[in-house]
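To start, I am sharing the structure in question, which I have written as structure tokens.
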Amino acid sequence: MSDAKKVMITVRKPPHGSIYVHEAIEVMFIVASFGLDLSVVFIDDGVLALKTGQDTKELGIKGFMASIGAFMDFEVTKVYVDRQSLEDRNMSEADLAFIGEDETTEQPVRPTILDSSAIAALMAEQQSLMAL
Amino acid sequence: MSDAKKVMITVRKPPHGSIYVHEAIEVMFIVASFGLDLSVVFIDDGVLALKTGQDTKELGIKGFMASIGAFMDFEVTKVYVDRQSLEDRNMSEADLAFIGEDETTEQPVRPTILDSSAIAALMAEQQSLMAL
Amino acid sequence: MLHTLNKSPFSHTSLENCLRFIKPDDVLLLLEDGVYAATRGTSRSHLIEQALQNGHVFAMQADLKARGLTDLIDGVQLADYDKFVELLEQHSSHAWR
Amino acid sequence: MLHTLNKSPFSHTSLENCLRFIKPDDVLLLLEDGVYAATRGTSRSHLIEQALQNGHVFAMQADLKARGLTDLIDGVQLADYDKFVELLEQHSSHAWR
Amino acid sequence: MKFTLLILDGPYNHAASDSAYQTAQAMLRRGHDIRGVFFYHDGVYNVSNASDPPQDDRNIPQRWSALGAQNIDMVVCIAAAKRRGITNELLVPNTRISGLGQLATMIIESDRLVVFGD
Amino acid sequence: MKFTLLILDGPYNHAASDSAYQTAQAMLRRGHDIRGVFFYHDGVYNVSNASDPPQDDRNIPQRWSALGAQNIDMVVCIAAAKRRGITNELLVPNTRISGLGQLATMIIESDRLVVFGD
């Protein structure tokens, strides 16, 4: 994996008003399955896609909460959230959906919250960045 | 004309990054030709569509400066611009393109700048409002 | 007048721009991503708090549920599509997109 | 890093959000409606003035001409598509949309 | 009351199309007439018969077609459709391509216009 | 250098498609290889052969087709295309429909990815 190309997917759109997040998740699963070194970062309204308790039934559209819960199963393991974006939206770590379970402890895992400077540093390491 | 239904078209998108303004102008010409009592209001980034000196040749797309200059010829005569939107963009009346000539004085005519409260009052009079 | 708004207040300036054109007793209906504006304690909550001082604010329930939003600003009323149509019967509408 | 930005700073918050992720010596390239951010004396000019203190800012010339923009903030450099590709040769890029 | 709906953005990509459909259904439930639905800008993509969504998803063009079957005039703007590649052959049943004049006529013959778009 | 372009929004409606094309031309002028162009989200509308723009306007699908004729791999995402009604029959020459795996492959085989979208 250390030789694998580093690829980042950034999600900055809110969910459900458009299909961007839904289709972004499809890309994550494929890119991860090709053995690329994938990081996924939720910034700005993108953090809203990770909110717990979303229920799209009444809207008549398919949601993606199940897909988010399966991130780690599909090898989407490096999942980051911008701290400032959370704060602006009155969200805390507890509002973030689980993305899978830790293999050894079997504890549910949430995305990792990072400061923007840490995200910027991560961006600089990437070979390709996909804003979806 | 006093019996004609009052219709307002609002333009709030900037020009050229998307086709919205271009296609909005096509609607203006048709609606005016059907004898509806049309008001057109440029708000927010919509005011940028009226800026003088736009030249889309290098971009390889058709512009619409000629259409704006023909507004009055096509009976699009009630054309308003939001004052605050202009000020936010460092634009003044002199930056606005002409929309035709006054029939009697033959002087070139610019859109009319209004305060938002005047625009809100105008909105309230309309039977149909089209945000394009 | 009924003003409809479907954009997130965090990514778009549509809401703050729209507020300049709302008159007393006008109604603002939030739908799609616009419902994020109805949530409490955010960096943009003051915009809807301001709108509520002038008139009524509704948020579409189906859109709130889809987004997991439950902690709403006091005074925001819930609407379903039948309520939306009732508002459309009473008012001409402008879509702030 | 090269950051590209194609949204008006008046209608979208993309530019102010993007600035939090620009490191010293990063490059910001404004294209499409993003070039409105390069104009002087507007309610959003401070954003590009801030970006210029950290690194380079380019604006696409064809987009500026199309929009009739001539009064640019000091320090903003002009780019054509060949210059854009030259920047892409030198940097990985992220598109702020 | 007589309503006209103007739809400005494409299906699936933006919720505008879904909101418009739900609103149309509520209008009919409440006993109103819908004079017409007009598709403009990227809205013209709403009525393509080539759309083939996943089995477990809604079929947006079919929904509009079913609304058209209820004697509601479903019109796609010809100029917007031509540049975007929506032709007569691609239309779902009960929809038609025509000019912007149809939108003007719908407005004249309606009490209310409601706009949906991104 | 080897580039891949990812195009996320539709033709005519958004300038993203035009910017991408101009950038691709400049890449070729400067002697680079373009490993591929991948169309996703509403970007899939870019390559419809049913598009019929006004005579005095650019023909965006034809431009992409001409780029494809220069041995550049032009791929439309099948999942995005299906729901939006872009089928094999509707493709301009020198473009093809395939899965997201092609995008992953393009990224693996390129030095740089450049994204264009609304």
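Labels for the chains are A, B, C, D, E and F, by order of writing; each one numbers its residues from 1.
We take it that contacts are C-beta pairs under 8 Å (C-beta built on N, C-alpha and C of every residue); 3 or more make two chains touch, one makes a residue touch a chain.
What you are looking at is a predicted structure, and each value in this text was computed from that prediction instead of being measured.
Look at the CA centroids: the one farthest from the centroid of subunit D belongs to E. Centroid distances built from C-alpha atoms place A farthest away from subunit B. In terms of C-beta pairs in contact, A-F outnumbers the other of A-F and B-C. For the touching copies subunit E and subunit F, the fraction of interface residue numbers used by both exceeds half; the interface is of the same-residue type. Per-chain CA centroids place subunit E at a distance of 28 Å from subunit F. Measuring from the averaged C-alpha position of subunit C to that of subunit F gives a distance of 38 Å. For subunit D, residues touching at least two other chains, in rising order: 6, 10-11, 13-14, 32-33, 62, 92-95, 97.
Among the residues of subunit E, those in touch with two or more other chains are 8, 12-13, 15, 22, 41, 54, 57, 112-113, 115, 117-118.
In subunit A, the residues that reach two or more other chains under the touch definition are 12, 16-19, 44, 59, 61, 127-129, 131. If you sketch which chains touch which, the pattern fits none of the simple shapes: not an open path, not a single ring, not a star, and not all-to-all.
Applying the touch definition to every pair of chains gives A-C, A-D, A-E, A-F, B-C, B-D, B-E, B-F, C-D, C-E, D-F, E-F. Subunit E contributes residues 1, 3, 8, 15-16, 19, 22-23, 25-27, 29-30, 32, 112-118 to its touches with subunit C in the complex.
Note for the complex: subunit F touches subunit B at residues 12-15, 18, 22, 54, 56-58, 118. Every residue of subunit D that touches subunit F in the complex is listed here, in rising order: 6, 31-33, 62, 80-82, 84-86, 88-89, 92-95, 97.
Interface residues of subunit C facing subunit B in the complex, by the touch rule stated above, are 1, 13-14, 17, 20-23, 92-97.
Across the complex, subunit C meets subunit A through its residues 6-8, 10-11, 32-33, 36, 39-45, 61-63, 65-71.
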